[in-house]
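Read from first to last, the chains carry the letters A, B, C and D; within each, the first residue is number 1.
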Amino acid sequence: MDIKEILNSLHTKIKSLPHQGEQATYIPELLTVDADRFGVYVANLDLTGIGVGDYEQAFSIQSIAKVLSVSLAYQLCGESIWSRVGVEPSGTAFNSLLQLEADNGIPRNPFINSGAMVICDILITALDDPKEDFLTFVKTIANNPTLSYSTQIAESEKEIGYRNIALCNLIKSFDNLNNEPDEVLDFYFNLCSLEMSCEAVAKLFLYLANNGTCPISGTDVLTLSQSKRINALMQTCGFYDESGEFSFKVGLPGKSGVGGGIVAIHPDQYAIVVWSPRLNAKGNSYKGMLFLEEFTSLTEQSIF
Amino acid sequence: MDIKEILNSLHTKIKSLPHQGEQATYIPELLTVDADRFGVYVANLDLTGIGVGDYEQAFSIQSIAKVLSVSLAYQLCGESIWSRVGVEPSGTAFNSLLQLEADNGIPRNPFINSGAMVICDILITALDDPKEDFLTFVKTIANNPTLSYSTQIAESEKEIGYRNIALCNLIKSFDNLNNEPDEVLDFYFNLCSLEMSCEAVAKLFLYLANNGTCPISGTDVLTLSQSKRINALMQTCGFYDESGEFSFKVGLPGKSGVGGGIVAIHPDQYAIVVWSPRLNAKGNSYKGMLFLEEFTSLTEQSIF
Amino acid sequence: MDIKEILNSLHTKIKSLPHQGEQATYIPELLTVDADRFGVYVANLDLTGIGVGDYEQAFSIQSIAKVLSVSLAYQLCGESIWSRVGVEPSGTAFNSLLQLEADNGIPRNPFINSGAMVICDILITALDDPKEDFLTFVKTIANNPTLSYSTQIAESEKEIGYRNIALCNLIKSFDNLNNEPDEVLDFYFNLCSLEMSCEAVAKLFLYLANNGTCPISGTDVLTLSQSKRINALMQTCGFYDESGEFSFKVGLPGKSGVGGGIVAIHPDQYAIVVWSPRLNAKGNSYKGMLFLEEFTSLTEQSIF
Amino acid sequence: MDIKEILNSLHTKIKSLPHQGEQATYIPELLTVDADRFGVYVANLDLTGIGVGDYEQAFSIQSIAKVLSVSLAYQLCGESIWSRVGVEPSGTAFNSLLQLEADNGIPRNPFINSGAMVICDILITALDDPKEDFLTFVKTIANNPTLSYSTQIAESEKEIGYRNIALCNLIKSFDNLNNEPDEVLDFYFNLCSLEMSCEAVAKLFLYLANNGTCPISGTDVLTLSQSKRINALMQTCGFYDESGEFSFKVGLPGKSGVGGGIVAIHPDQYAIVVWSPRLNAKGNSYKGMLFLEEFTSLTEQSIF
């Protein structure tokens, strides 16, 4: 069975499974999305690609954007960023304040909310016009000039984001932010509001399957070593307190977002994106996890 | 530069670096070992191999044995074992009781002490003569009939193992042990007392580089899927609360022991073992970590 | 309404209330007790006293004994005991290991299990024949030669006391025990197995209402300052994580046991003991708490 | 020795002791106060009183105000307030977020910051003009028309109060605030900025020594039962994670503030206030604690 057949048959099979989980409710605007959407796209290093289902439909990439922001910070500031955010799995829920307090304001990794906020702070200091410059960075990588933030999503999250405000002020109280919490949060909520299709995300993330260089635009996003390290981080920390489970069952580095998207990387081969809005108890796409587990089982192609 | 040259030059370079860290003191018997020992062995899938330094000297493999015990339990009992122990990184020190209490007696993964005790309990129930049968299992895999437990090490650990006794009784209090704590601890301390050389461990672990089948003896230790999953577990959980760091810097699945040994697997290629008794603050071999980091940097051969 | 009328009417009223809670199940032997027992005794400083209901029936005083053991240790070793156990409320359940780990093996106070074990360790070191000498100490205070440990209760608790074994070994691992955990636990389980009636306990505890001197035997158990301090400790720590609630509603220093007994002290006035075996969710006697709350409301006699 | 002599000799003795601890630095404006100030005032129920040292000098009462705010909320809303804030000691530092997360946004008691914020929220909902009405409430109790908030202190705290902003937003994220965090924090910072002398505070707090009625103005602040309960709360929770220590050594219900003030109540007798700005490691006045410990030792007059 070739990849295309596998994708099609898995899409059909998993789309028809009974629903489990619910869409994230804490960002009201996300609830306007049709919960039955289900798209998949595989982008290969040779620039070929295959899409199934709603792969051309844009969705809110949410925390998937955290891979892009840490990539830009790594490119701009090098290894120094790791003095302000760790590289260890957190072992706790994505928005826990417990660990931050125990660790004196140093977030465990850049993929939990607190860590992503520290990365935002680093970017605000490093960039002239953070929101605009970040968007340009993303557009350039994959030659994709049409990307934009969703003001509605960002505002929707800001309005009831009390826990994120708490997190951000807690980090500030530990002196691990150079900018004011309000500014950091504004940038953070905007990053997460990026809207892209499965196809666009998969193509964008090909640089992580290609040792740091995007094969589409030729942009050198990261060095070989940096690229491997971001993959390693996704492997251990990409799915909050379900990171071990994803690594165990899927066997690829990946990152999820509460919009229901998941990106996974097979180094030297492909980037794959799945999108299905209903989330499991840990906040990761229920059918997305299932799809990727069966996909790597059938292709026998995990990194392990 | 070929692998042999890389190994030799790295061995020379890192052996001459100033010492950092100390040997584990909580098992008095381990202190009888010469702290300056430094050995490396790479075992390739084609059954060739290269050793440097003290690679033929037997050392106490300690927690490295936890990969062997979970492999045997997985072989004997299949996926059912994951209802009693998780597959998530713990985010805390190897002997923490905190998480066990929060998680109602289900250890986060089989590589922290509590998880390894649950695996021991599973094996005690599944095997006729646990200590003898486990030793036979290990001997068979790599055609290595000379292995044995070190009674001195096991007794030395038992005498002052108050924290492990605490852990084991806590698990029992949550009803996650079928056997008595004393019996579980006796088996546990014996497993960890296995003594082997870098070469012996590397050859033994080739089954994890070969989709579950040992290329030396032809033994089918695990299925392809099981083998990938154990590698994934080592990737996310093999180094206690330094697992992210090892994944980030070395980029291979691996497991350390407080005897100063580290095994790492490059799937489809090789198993590598480094031994240097002085440990860093997280309880992992200081020079072992360093060696492996530089080794995968020079060979540009991590799984990411 | 005089005290006798208040006691009688409250006993009648609360005895007839619907049952809530259950007897402690973790000590199987305790389940042999009739759960409907309900006794009260008030012992006054002038050696008069009033009993209602099952006040002459002996019950397992369990943790109430911790007040006696800390009193003896305080008498023998003075303020030095507070370097090994604190005087702060724990804020967590009585058998939590969390805090012990965070506090490096120094229990928060002598009334949680871990703290009582440290006190047992101090007594084992200080006494020639700990179990015998402690019993003599208790018998002497109240001129009561008939007291004894219940071997069945002690054995019953030992058999399944995995959590207490865990606690005790954890303290030992932090070097806060001079004797072996097995010896400490044996003494601890025996202390808790003391059997006494409401009347006997109330008379025994009069020394804490009388600035340290038992008015019955004239024994100087504690100095005035020590006596006040033990009362203060009961006020803040006597009811595990319900200590604030008891202080808030009853307003007297007191101590509960899982056998369903509660002793409370009104300094310079009386000691009162209530016994009703069914426990609320926090492990304190449901009807005992209720009785004392209404008693101090009706008599308007709390220390505040 | 009469009370006056005791006060004078203790003041002389303790004033001359070497300094320990530092003033709170997290509210910059507090640092403008002379750290050597040392005042004491005892207000008796018969309206006599004795002052020593700087007892007429106004200081920032800070958290002492939390007793006043919970008194007003208790008066206005009765027992219903305890569904939103507990009555248990916290066992952790005054500004910990850990427990709030574990307890789903219900603060342990009204004297830790989070609990005081919930009380502020209750008052904002209950009062027409919260800041003005609260001030009137305080002025009325002790016939003291000159009290006011310190705008400088309130603004000083607001500017760098990131941790309190974090706490307040965390509570809101658990739905335990009806008003917006900004409004709650503004009220909270103002309450804490009240400035009063030892004499003024001692007279103001006499209602808690008098079963709820202020003997100066005759104001019924609380019922007898409510008054006893607020005293009980101060006893168990008035000094953050040093509450047990204060209860143990001083034996009176009390409350401290980071301005260096401490108020303690001897029910049916007096209210005493000590002020000395340098704080110990737990955030309570170093010399204030010492003074009160020796005072109750010499007078042999604790509630126990």
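Note that in this section contacts are C-beta pairs under 8 Å (C-beta built on N, C-alpha and C of every residue); 3 or more make two chains touch, one makes a residue touch a chain.
Because the structure is predicted, anything quoted here is derived from the model rather than measured.
The minimal number of chain-to-chain contact steps leading from chain B to chain D is 2.
In terms of the distance between Cα centroids, chain C is separated most widely from A. Judged by shared residue numbers over all numbers used at their interface, chain A and chain D contact each other through mostly the same positions, with over half in common.
In whole angstrom, the spacing between the mean C-alpha positions of chain A and chain C is 55.
Work out the mean CA point of chain B and of chain C, and you get 47 Å between them.
Centres computed as Cα averages put chain A at a distance of 32 Å from chain B. Across the assembly, chain B contributes no residue in contact with two or more other chains. Here the touching chains pair up as A-B, A-D, B-C, C-D. Chain B meets chain A in the complex at residues 86-92, 99, 108-109, 224-225, 227-229, 231-233, 235-237, 241-245, 247-249, 251, 253, 267, 297, 300, 302-304. By the touch rule above, chain A contacts chain D in their complex via residues 96-98, 101, 162-163, 165-170, 172-173, 181.
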